[in-house]
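One chain, subunit A, links the two complexes that follow: it is found with subunit B in the first and with subunit C in the second.
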Partner chain A sequence: MTFKKIGMVVLAAVLAAGVFGCKKKDEAKEGAPAASGNTIKIGFLGALTGDVAMFGGPSLQGMKMAAEEINAAGGVLGKKIEIAEADNRGDKQEGASITQKFISRDKVVAIIGDPTTGITKVAAPIAQKAGVVLLSGGSTGPGVVENGDFIYRDTLLDSVAIPACIGYFANTLKFRNVAVITSDNNDYSVGLSQTFRDAAKSVPEIKIVADEKVKDGDKDFSAQITNIKGKNPDVIFFSGYYTEGALIMKEARKQGMKAVMFGGDGLFSPKFIELGGPAVEGSMVALGFSPEQGSPETTKFVADFKKKYNEVPGVFAAQAYDSMLLLADAMKRANSTDPKVFKNELAKTKNFKGASGTITIRANREPIKSPLSLLMVKDGKFVLKSTVAVKME
Partner chain B sequence: MGNFLQSLVGGIDPYLMQILVNIGIGIILAQGLNVIVGFAGQLSLGHAAFVSIGAFTSALLTIRTGLPFSLNVVASGAFAALVAVLIGFPILRLTGDYLAICTLGFAEIVKVFLLNFEPTNKALGLTIPGAHTDIPMPIYVLGLAILSILLVSSVNSSRFGRALKAIREDEIAAESMGIYATGYKVQAFALGSFLAGVGGALYAHFLGYINPSDFGFMKSVDILCMVVLGGLGSVPGTVIGAAVLASAPEFLRFMAQYRMLVYGALLVFLMVFRPNGLLGGVNMVAVLLKVLGKKPSGAALKKNREGRG
Partner chain C sequence: MFWQQLLNGVALGSTYALIALGYTMVYGIITLINFAHGEIFMAGAFTGLCLVSYFKTNIFVAILAAMVVCMILGVVMEFIAYRPLRRSSRLSALISAIGVSIFLSSLALMIFGADAKGFPDTSFPVRLIRVGSAEISTLQLLIIGISALLMLALQFIVQKTKIGKAMRATSEDYNTAALMGINVNRIISFTFAIGSALAAAGGVLVGVLFNAVSFNMGLMAGLKAFAAAVLGGIGSIPGAMLGGLLLGISEVFGVAIGYSSYRDAIAFAILVLVLLIRPTGLLGKKIVKKV
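Let's turn to the complex of A and B:
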């Protein structure tokens, strides 16, 4: 009984401490911005725990590295960059709360994130209304920059990457017949397949001979592969994730198909090779970034990143790193840290040489980035097959 | 009126407002589930399905029609309730685990349906423009949260509420007393789903972007946690449960990555020491009288001992 009572008292104390502790902390924070006039605060929006932490974690690493480099070189306009970070667990409601917290408590001038389209779409209207720049390094879906003139992204968009890929397939690899497979309970996959179909229309050499649907979590793809097999495609375009991709290829090889798979960054994972084994040999993925893409900026970034974190950076780290540099660049050109002023310079970004590629922001605020890296599975490893130049405006 | 309210909301820190709105939506959803699980004792693991029905209905109404938001909210709730009635008649004949599995299956069907339904943009989800109203969203949410509390507490003390509790305690005994169990259960299901639909409509318009995957099994469990944590069948308990769980991710934020660990530990700890929930089995009238220094009346004490009241 007394044990129980003690437990209850402790519980009550923890709950009370949580509620009141948070209040006190907030009060302390509210006074802070005035005292720290020499820093530029930039928020990190992303997940550090949960299902999509593999996008958020590297993004924060890239941002931190960029901020340290900028600060070591004297900062921006004499001010140091400070990162406000919070974990949104990949939850929309929490993403909205954090965006609001960055704006009203931390007084950030810009937010970098979210790496996923869904949360970016929730955060964008809040940032737009408050007049804070939001620069997403990762969102590729439609309906992001349409939110207003404070919203940007520096990702290689599917609508830019896919036409470039299809052109390369038709002209260099001489592919003709394509089977499209979509995972129809995955918003990323549905969007990517649609982009592919649209882009294929303008390339007369490429013909879509089959259009099949699967679901994330499916294990048996024999029906879809049987349908596709009869159409004899040169390549299977699969817009979903690596688990299903690997299983689809296993089934295709089992049924004696020779076609290779091609997909977006959803396939790019060591698991794809682990699960697929010899079946995924020769399969290709298109990425906005490859550590081996060869530009001096990329090579330097990869070397520094390895030194600091002891791992090879991926696309999210590179894009978040570039996001930070893009913001710093815009502030320098605008000679101001006011988001209302430097957003105009951000919009004028042209041929910016970043770690993930050369970035130009178009008139509709959507980015174009070059080159595109085409990776191929060879001897159980992803190797760079080719970099495909994207036509800049 | 609209301008005045707008300036009223504008004066409050938006971050605090955001948390209050999260709590408000949590309260509406949890009170709805409280009627189904707490009062009627029917374990539902598919509450998020009705939230999504409300959310997508209201989103489509805003996008396609010029319906004022107040009517939109009611219509979304009513549509969710209608679906609940249709699904309730067959499945509410089941009890316990079977019902739980059935609601789980239903939730999955709704999710798959929305993922393939053209008007809701399939897996890409819907972006919702501003609601057709002058009244700011936070006022709407908090106002409706208060209304939902009043509604559910009036149900609690009504004949309907007592019938539900009789069914919860012993369905056969209740039927032998002339209570039409299935009918009452369906009504409870409809009322709970109505609130879920209303909460969904607010969720959709507050966030501005919804996607069928937002309303998965975990969302149902989150809402169920609010009810169980607060105390099954207790209206003030559910309010506290919703408030604690909806704001927990924010007030535990200073712990960074350990946050969800602590959150989980908190839940385990609570269930060990308060298996009936924070306010489960607490009679608020008796507590109030005690605080005011008056001796609780015999009736209040007796009610207290009955538990779960």
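Let's turn to the complex of A and C:
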């Protein structure tokens, strides 16, 4: 049978390619990751499609804008920045293999991303082992920089943001009873809820009246909302992402609940409002960035971004933009593009005036950043409700 | 609270039952697990969503139209992917079904993108009606009502009409039915049409209830409905209804008492238990091996 023969040939070719491909990868691993030639390669780790594409897409936009600005001004140490991009679709396994690919094939010196805590935690040990700097412009949960001295982030940490917010809630908004909802197959959500519970302990006015669990990808929240409804909370603290957040609020309104939702940057997406509609009016999000926060760096960034992409940048675009600038800044100060050298300068970053705020990397390599922006959904848009200053150490 | 949760469970369970019916009917007649059935459910949800959002149709019109579209889709699917394999091994048809399933969900991903989409708020006015200690939303009433209506209609077709009689005969013995002059191919097409229509109605109802229509919604819903069909006894129509309701209710109560992390595990744990204790399912008939 000719078909059979052709099939065998194709199969043999595929197998051969596979073997050859593996060999190539092994060879690549031996070479040290340092910038060669006239370009500095930096990888973009994030989702461009899928449920968390709203975090990844803007991150890449911010990175590209920063790279163009740096290159237009002559690059870093005479070398141009080049971005290696791939789409991990919000999938942990995909994130791990893309991180490998960046390191072995693209020979990047640094990776910016992932915007989510979960994938950052998967990518961090890989980058640490290979000696490549990983700087996340989005992860805010615990367990990231603990992976080693090549791992950084420039976000407003939940452990900093949440205590600042709870004080504001208790004293200014007079909230008392809170229902906590956690998405327990989401690392970011589990960490954020724990941070919230810990922070609430030190504020006597705040009482957690319900503690429910959901899962990313769930569609039916009727049982959890019925449980919560009986406890009559003033506010629902949901630590997960925007799709589930919007659906939870829809279910809450369907069951006649009046409480608003409060959450971290995981809720911050136009999709939250698009899916939630009137159900999410009044809901609040704590962020490390608001386009209206007023510093000259922010204002310039927002204007440039609008000119380039014709839309208002969000927190992920701003933090990814800052990530790129932080890396360039560290390389300049270290006078080297070797990650083993410039990572030490990155660790010494102090009062860096970025587009998303003032960033300092502390001794434990965790960032601290001010101000905190509290955004509220009003008439179908996120508007700045209040900025809360964060004490810099 | 108990009654409220029961109501939540019945609403969820009715949608499982609607999908499970398609599985069970097709299995009953050609002993094929139609793994693409979940994708028909997804296609129904998208059809309804398009009609309501772009053509601003009434929700009832959308359900009817989605049923018609999926009927055609179901029949075409059977004609292209299963009929040529009718005489080959059951495994080939099963693989073909998985292929169709992947094809349809990838197609939906290409056309509609990866994000979940919601029905507009105006598609069905939600009001709460107080009954004793529970509050029934008009949406839950709609879902339970339409599901009940469709299941009654199905029972009528299968038990009281001529074509229903032919279906039962084909299900009982495919070859003898053909010998008795029943056009078996027509009956199979008809079964696919009815099953797909029910799944489409389920798709639109789930879309309105949970406000999320996405390309991969058919996978989990399909698996759960399959579990419901097996739970009730695969091949048995009342079994699929009962299985769907039981599954929905136990899932909601599982979540209500705090085991939400095990939500999907609950469904399949029940399935395993039933299969261990009663391999034919709750209402399934004992299988007598024909030699």
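The criterion applied here is as follows: the second predicted complex is superposed on the first by the 252 of 393 C-alpha atoms of A that agree within 3 Å, B and C clash if a C-alpha of one lies under 4 Å from a C-alpha of the other, contacts with A are read in each partner's own complex, and residues count from 1 in each chain.
Just so we're on the same page, contacts are C-beta pairs under 8 Å (C-beta built on N, C-alpha and C of every residue); 3 or more make two chains touch, one makes a residue touch a chain.
None of the values given here were measured: they were computed from a predicted structure.
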Subunit B versus subunit C as contact partner of A:E68, first or second or both or neither: neither
First, second, both or neither for A:T49, with subunit B first and subunit C second: both
Which of subunit B and subunit C A:E292 touches, first, second, both or neither: neither
Contacts of A:D87 with subunit B and subunit C, given as first, second, both or neither: first
Which of subunit B and subunit C A:E281 touches, first, second, both or neither: neither
Contacts of A:P125 with subunit B and subunit C, given as first, second, both or neither: first
Partner chain(s) touched by A:G141 [first = subunit B, second = subunit C, both, neither]: first
Contacts of A:A223 with subunit B and subunit C, given as first, second, both or neither: second
Partner chain in contact with A:D304 - subunit B first, subunit C second, else both or neither: neither
Subunit A residues contacted in one complex by subunit B, in the other by subunit C: 49, 89, 184-185
Subunit B residues touching subunit A - in the complex, by the definition given at the top: 13-15, 17-19, 22, 112, 115-116, 122-125, 127, 203, 206-209, 211, 213-214, 244, 247-254, 256-257, 259-260, 266, 269-270, 272-274
Subunit A - residues contacting subunit B, complex: 4, 7-8, 10-11, 14-15, 18-19, 21-22, 25, 48-49, 86-87, 89, 91-94, 96-97, 100-101, 103-105, 118, 121-122, 125, 130, 141-143, 184-187, 189-191
Footprint of subunit C on subunit A - complex, ascending: 49-51, 53, 89, 184-185, 212-215, 217-220, 222-224, 226-227, 230, 243, 246-247, 250-251, 253-256, 271, 274-275, 277-278
Parts of subunit C lying in touch with subunit A, wherever the complex brings them together: 1, 4-5, 8-9, 11-12, 113-118, 120-121, 126, 128, 135, 137, 139, 206, 209-212, 217, 220, 252-253, 255-256, 258, 260-261, 263
